[in-house]
Every structure is written in structure tokens, then in C-alpha cells.
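Chains: A, B, C and D, in written order; residue numbering restarts at 1 for each.
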């Protein structure tokens, strides 16, 4: 593990960079200051990059739009790999017909639509259609009344033996410097323990996220895991997951892991990034246009 | 472990009977048919009895009133020992001043009122009073908006290092033959894992419930644990808890544990009641008035 | 929570002091320097004191002997309350006949001997006597071959549906400043997850330890929980358990919790002692003989 | 989910068959009777097949030899994909130099040897070489003294912040119809909870096992997940893992899941195979040579 002063020297060693989104590229206050220079440099150098995110609340197109509104046009939808995309792939492969019930916003629903399946919010499941429900998806913590719909979800799962997908494994996400919000991953764990059944989780640190990204690239050119580095702010998801998949990793200190806590947390958890770097910003002074 | 045909022969061996409430005396449909005869027999024989319940949603007086409305007048409030009473004792002993924030109905609040403390629902905590919050209590799953108030509870606990009491350890409770509802114990476990702090749980199988009942009796007469039998429908709470405290136990099959599943579940969990009995009903034919 | 400079000022507020043993009175190097003065002061002031320990490896008499060899004669066997004593009480109340199999040293065995029961190490269980095994006890990590006997214990529990007691809930214990040893509590958790059954645990933070001590005192005089303070070095056992039982608590910094980590750990776990004090030593200069 | 009488009709629908080893092809008594006919049929039909196993105790060559001794020559070492192979890949990618300490037999060691690394049993780690230990691997439950070496492993991990690999996630494995043995996965979980660090697990149900097999095939020909079926006897590993990776699955009843329990367990866990079949045997009468 090495402390590296400038992110540029890390980028220079790899061909492909995977970035976590929240805490690395953006925070609750907007973009990480200077991050647009990183993407300028990546494009100038002909490096590939992907955003690998546990965010299943919106489609890649909607997620890219949010970056564009901030002026970061380098992140296009085809650069975004989300846990929601794995959910969609699962439904395509494993659920042939009937209803897919979900908890989340209408926006989170659209991009999991799969041919032959009818996607409905849990609130629209009732005695006339419950026996057609063939999968239940936890997509987002917004968009439904928790008390009513979580109790309904429990009772759907007591009646139907069906796969349950958790499209975002995070337990909480930051709202501001002092506040967090319970994420759908935390809610899903509660329902899992109440019904006593085993859910399927997509999202870092699970390797399937990294494999999905890796496969997308391999479709058009051969690569080795040694050419890729994963950049993240969270030891338990970005760093553990990237490392387990065989990638080198960079812990940045602009998000979940504060500079003063980094060493303590690495020792306590045993999760060791290849590099630690203050941020994923390539300083303007570090390269010439 | 013995299968016993009539509950009367068990009662005859002990001086004091502890009953779980739900699944033993009442179900979602009302009283267990014939259960009033059990209490007639207990009174006739001069046996003592207590209801030992994880229900913290209402005070003993309110819980007793519900039995009276069903015609079961033998259960008076002084016969009821609830996990809410342990919460009250904890506040009396360990929290001197300030605000006790709670999640639950207004009825669940009143009986935890403790002198010197100001009891407020989480919904009334804000930036002007948050620094006076000295305890947070999970009382009941009803009476508050889950999304808003659970997120608020998380952020109170990120700001304040205070004891958190879970007054009901159950994860779910039955609403009808087919439906259950998430209980406050399940909700509290989710919040505990999101904030990463350790909560204090009162309620079976924790011994403190049994100790509280045991102490109440010992205040006016000497008893031994050998004179008491615990009657319950749930292996993980009533039977495990009673057994660990050193009491003999009876598993009845009118609630959570179905007759066809009893042996399998006992073998699977390793939790072994002293007796198994179809119900806690002492049949009219079994005793003469 | 208050930082207190001298332990004497805490002692002066209570009538009865409960002490954890390891990390409070002794360490792997012997007695905590000066601790004998604390017991002189307690005796001079007519305060009562008890050692409340998760050590089930030896009987109270043997534990007291160890203090006497160090010159601390104030700790007599009747002052020691161990998790092994709860195990003995459980066997007396709940296991009538047959064999009690145990993992531990021969010394740990003797004091759980209960009338009518035959106590045997797991190594002596075989096809001729396995069907008479009516309880299995995890007493100590020493005294048996781990690979052979732990595998045997698993297979006993697959054949017999019997209560399993874990007489020490600790997962590890310190051997020297840098080394720890896996404790029987950690081993028992592994076996529990392999066999999928629920074990009975005695030992702090479980309230039954505190209740046992409380009851011993009440046998000869009335007391209130407000008169007792629990002194310990471990947040998750001594402080959480004492607090939950309703006792005031003192965290001392001579054992598991280092001075530099105390505040961080209290905030991280949410377990808050009533007082923090460098050690349980009452300084000689603080009282006159 | 469909109950299928003859395994042949399942084989006919897919191009590639993944088999679990234990409980599907062999049991503690030797080969599953008739299983050689399945491999004859697969070869006759030009179907591909792989053994996907959590066994890291021996190399693929040694595992294949064991089948050959039973007369099953169809299983060659290049058909075997084990969790040990993922461990080897991890070391190649992520550990550059120093010592890899392991728990297991000498046979389990050889095939994780990686260039530039020195592989040593935990028993040979001491004060002169501990600071060069750069990874710790849990390979097998045999080949070391549990008490001495597990305590040593704990203290290595307290001193060194290094990746820890668990090469077999199973908690137990069957020895005979009535007996099981604790597996290295169960032991590793105990050490993980004692040291409080996060270990890396390879082995089903983790997707990385399936991905590894999938990638091996794709190196020489294009395939889709829809062409593959996973055959296993264990819901929590084979079926859950295969299903999550997007494969169709067959639960066979020759191993961990007994015919009488299959429906109950599927409902209880919510893990649903695509098919249930008595065994993986293609009956001789079902095809002509």
C-alpha cells in the first residue's frame, strides 16, 4: 500500500480506470472540485474509463444526464455500469413470464423492463394478481409508502416462492455533511430476516458487478485484469470488491473514508487498497494541453 | 420431553404459571376457545399466574382491558409483565434528565413516562431540542411515518451517543391466518445495523423478563424456580428464555408452532420444552366445580 | 459520562462494587499495581465487593487461590461469581440424569458436578454412552484436542437434541501485550453455526450474571440497584451488561480499552459508561489508615 | 420449477453441463451408482461438461486421479474447476512477493504456488519471517494442529494487515451417512470473527467460481449463459450461485437435500431450482449406443 500524491501517476500505469460515483466524482454538494480535469486527461491520453455504481434508482441515461447538468459531459451513458443493469440481465435470463413486483420510483422501474414481463410497483399487487408475481425487486428507497408496502412485500414473499433481487447493496447513503438516509439495501436486509429467505444481491463488493464491466470491454478488445484499476471511497465495497476480482485499487479520501481515519480503518478491517490518494483529481499543473 | 394430553396434569405439578399472551391465550381471532376454563381452574386451585409478554405497545392496564372486553376478567393488570415495564425501570435507573425520544403510538408512550424526563415522539425532535435527547426507545411499529421518522432516528443516533432501548424483540407478529406485520424489533435491528451501534433489548428470550416476574413474586413470598412453569407457543422466545432462566416449559400448539412442525423444529433448533401440549386449555370435563 | 481522576471518589458513592477480573484487578503480568490498596480501602470503609467474571475454567476456590498467591488475600472464594456457577445452577435445575459431556480441563469439570449427573469429557463419549448424553458444556479452550473433540461434539449434537451451555461468552483472551488466544466462546460460536442449533450462553453481558450476584447479596440484606457500581475494562461485556441490568458503570483503562481509544470506541458502539477512570486503584495518598 | 423423471431430458436441452462433485457424482461411499452412464451419454452427444467444486484440498490433477481410480475416466483434470484455482489466480494478480502462509495439507499447498512467492505452512511462521507474510490462505481442515496453528493464525493477523483467502466456503462436509466434519470454511469464519477483519471467500455460491468456468470455455468458443445448466445437491451453494449467475439449475436428491425435505427447504429458503431430478444419472435404457 502506497500513499500517492498525484492521481496522475496512478492513471499513467493503467489502461482502464473504473470509478465509483458517489464520494469519488460527486458528493451531495455537486462534483468533486477539479474532477473534470481528470476526464480531460483520460481522454487526451486515450485511456478508457467506466463508472461502476451501486445506484439502481435511475437508468444509465438518467445518471449520465445528471453529470451533464453539472457540466461533466465526458460521462456518457455507455460509460455507466450499474447494479440495476445486472438486475435487468437476471430478469432476461431467469424470469420468463408474469409480473415483476418492485419497490422504488417509476424512473427506477423503466430500465428493468424485460420482454414478456409485466413490471408493477408492490402497491399494485393484490389478490387478483399476486399469484402471477414471479420476482420481487428492491430498487430504491424512494417512491413508496414504507409501512404499507414493506408489510405487503413480506406477505407476498410468504405466499410466493420467487427470486428476490436487491439491486443496491448499500445500507445507507449521505444526504449532507451530517445526514444520511437509509438505503434500499438496509431495508431489504430487514425484510430478508423477517421472511427468513435468501435474497440475491447485485452491487459491489460482489464480483458480478466487476465481471459485467470487464465483459463489456472484452466484447470489443482483449484485456487483462492487470490493466485495470478501481478507484473508490469505500473500503467494504469498492476496494474489497475490486481487490477480490483481482484488480489493483485506489482509496480516495473525498467520500466515506476521511483522511484521519484511513489507516485505522484499513488495519481494523484488513481491507488494503493498492494505493491511497487524496482525490481522483488530476491537477491541471500536472499535464499540458 | 413429554407429550401431555391434558394441560391440567401439568398445572397440578407447579405453583405458579407464566403464560405468553399471543398464540397461547389469544390469537388474531380472539381468545383461544376454552381458555377461560384454565383461569377458573387456576383460581379454584389457588395457583398464581402471570402473563409474560413482549408487547410494549400498551400499558398493562390497557392490555388487561382488552382481555376484559373478551370476557376474561381473571387477567388483571397486576398479572401482566411486559417488556415495556423493563424499559420504564431502565429509564428510572439510568436516565436522569432530558428528553426520551420514542417511536410508537401515544398510548405506548404514557407508561414509560419517568420522573424528570420529557417523553417526545421522534417526530417532535428538531435542531432546538436534539442535544437534550438522552435515550431513544423503539416501542411499537404503529403511530409514526416509517420513512420520515426512521431516517430521523438514524440521524439522531449519529449525533447523540445515548442508550437505545428496543422494548419488543419480536421481528414480526401475526395479523391473520395468512398475514404478518413487521414488528418494531425487526425495524430496530435494521437501524442498529445502519448506525453500527449496540442497542439494549428487553423481552423474551432475554432473562431479564423472567427475572422481573420472579422478583415481583418474591417481594411478598419465597419461591423457587422449580415451582414455576412457562407456557408458550414460540421456541426461540418463550421456551428458550424460560429454559435458560431455569424454568420448566410447555410448548403449546395454538400459535406459532404448528402440531405437524413441532418435532422438526425442536430437532432443528435444539430448543427442547419440558412438555408439549395441544393447548393451554384445562378441559371442563377434567375438573369439577 | 464523566472522566474521574481518582477511583476513590466513585467508591465513596456506592455500597457495593462489582469488579471484572481480567484487565481490572490483574493482567497477564500479574496484579494491576496498587490494586491491593483498593481492597484495603473497601474493607476499611465496610463496602462490599464481588468479582463478576466470565471465567469458567476453574472453580471460585481455585480462582481465589490464584489471587492469594499474588498476595491479594482480600478476594475470597465467596466473593467470586463466575459464569461457571450459572452453568452449575442450570444443570441442577434442568438436567435430571444421564451424562453431561464437556470440553475443558479436568479442573473446570469438578465444580459443575451436579447430583445425579455423570460428568465426562467429550473424549470419553462413544457409541456405548452417547445416548445417555443429556447436556453438552463448553467450559474452556484448554484440556482437549481441538480437531478430534470438536468434530466429535458436532456429531454428538447431530444425534442428540440436548441443551448446550456456553459457560464463557468471550471470543478471545489476552496472553501477553501482543498475543491473544481463541476462547471457548469463539469456538462454541463456530460449532453453533455448523450444527445450526441455538446454544445457551452464560456470562456478561447477559443479565443473568448480574442477577446471580444481586440475588446472592439479597439473601442476607435488602439492596437497590442504585447502590451498586460495576467496574470493567470492556465496553461490550462489563459496561453494556451492567448498564442493561440497571447498574452504574466505570470503564477503567488498564485492560481491553486503551486510553487513546476510549472516546472513539464509546462513540462507535454507543455503549456509554457512567464514569471513565484510569484504573480501579485507590491511591494510598487518598485515604489515611 | 419442474420435477423431471429422467436427467437425460434435461441434458438434451443444454450444450454445457456444470456438475457439483460431492453429492452429485460421488458420495462418501464412492461414485453415485450409474453416474458413468451420464458421462458416456454426454460424450456420445458431444456435450461439454465441467466439475465446479468448492474443494481446495487437492489440485485438479489429484481430484481427477481419484475419479480415475473409481473407473470414471471421463473426468480429466482440465474438466475440473475448483475454488483453489481462484485462490491461485488471486495470488498471481495481487500478491507480488514475500511469504504466503497457509493452513492445510502439503498437497493442498503445491498448486497454489505462484511465481515469486514462498508458500509456507502457518507452523513454519516465526518471529524471523512473520514480517514477510503477505497473504494467509485457509485451504483445508487437515494437515495441521488446530489449537496451535489457529491461535498462531490469529496472532499473525493481529500483526500483519494482509489479504486472507478462504479457498473453500463450506462449513462442514459429510464423512458417512451419520457423520460430518467441520470444514475449513467454518474454521475461517471463527477466525474472522475473532480478529474482526474481512476475509475474501472463493467458492460457490460466489459468482466468481461460475465466471471462472464460463471464461475458460469462452476462450475457445462463444457461448451464452442460456446454453449452460448447473447440477447440484445443495440449495445454498450450487443452486443459489448458479441461479444468481444467470444459469438454469437442477437440484438432484443424491446428496445434501433429501427427497422428503426438498419442497420444504425450497419454500423455507426461497431458493428455487429450475428443475428437481432424483439423480444426475442418465439411465442406460434411455439411450442406445
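Assume contacts are C-beta pairs under 8 Å (C-beta built on N, C-alpha and C of every residue); 3 or more make two chains touch, one makes a residue touch a chain.
The structure displayed is predicted, hence computed values, not measured ones.
> Identify the chains in contact with subunit B as well as subunit C, in label order.
Of all the chains present, none is in contact with both subunit B and subunit C.
> Averaged over CA atoms, how far is the centre of subunit C from the centre of subunit D? Could you give it in whole Å?
Once rounded, the distance between the two centres reads 41 Å.
> Where the centres are mean C-alpha positions, what is the separation of subunit B from subunit D, in Å?
Computed from C-alpha means, the inter-chain centre distance equals 45 Å.
> Just give me the whole-number Å value for how far the CA centre of subunit A lies from that of subunit D.
28
> Which positions in subunit C are in touch with at least two other chains?
Not one residue of subunit C touches more than one other chain, so the list is empty.
> Can you tell me, using the touch rule above, whether these chains form a line, ring, star, complete graph or other shape?
ring
> Help me check something: in the complex, which residues belonging to subunit C touch subunit D?
So the residues of subunit C in touch with subunit D come to 141, 145-147, 150-151, 154-155, 158-159, 171-172, 178-182, 186-187, 189-191, 193-194.
> So in the complex, which bits of subunit D are touching subunit A?
Residues of subunit D touching subunit A: 89-90, 93-94, 157, 161-164, 195-200, 206-208, 211, 225-226, 236, 240, 243-248, 266-272.
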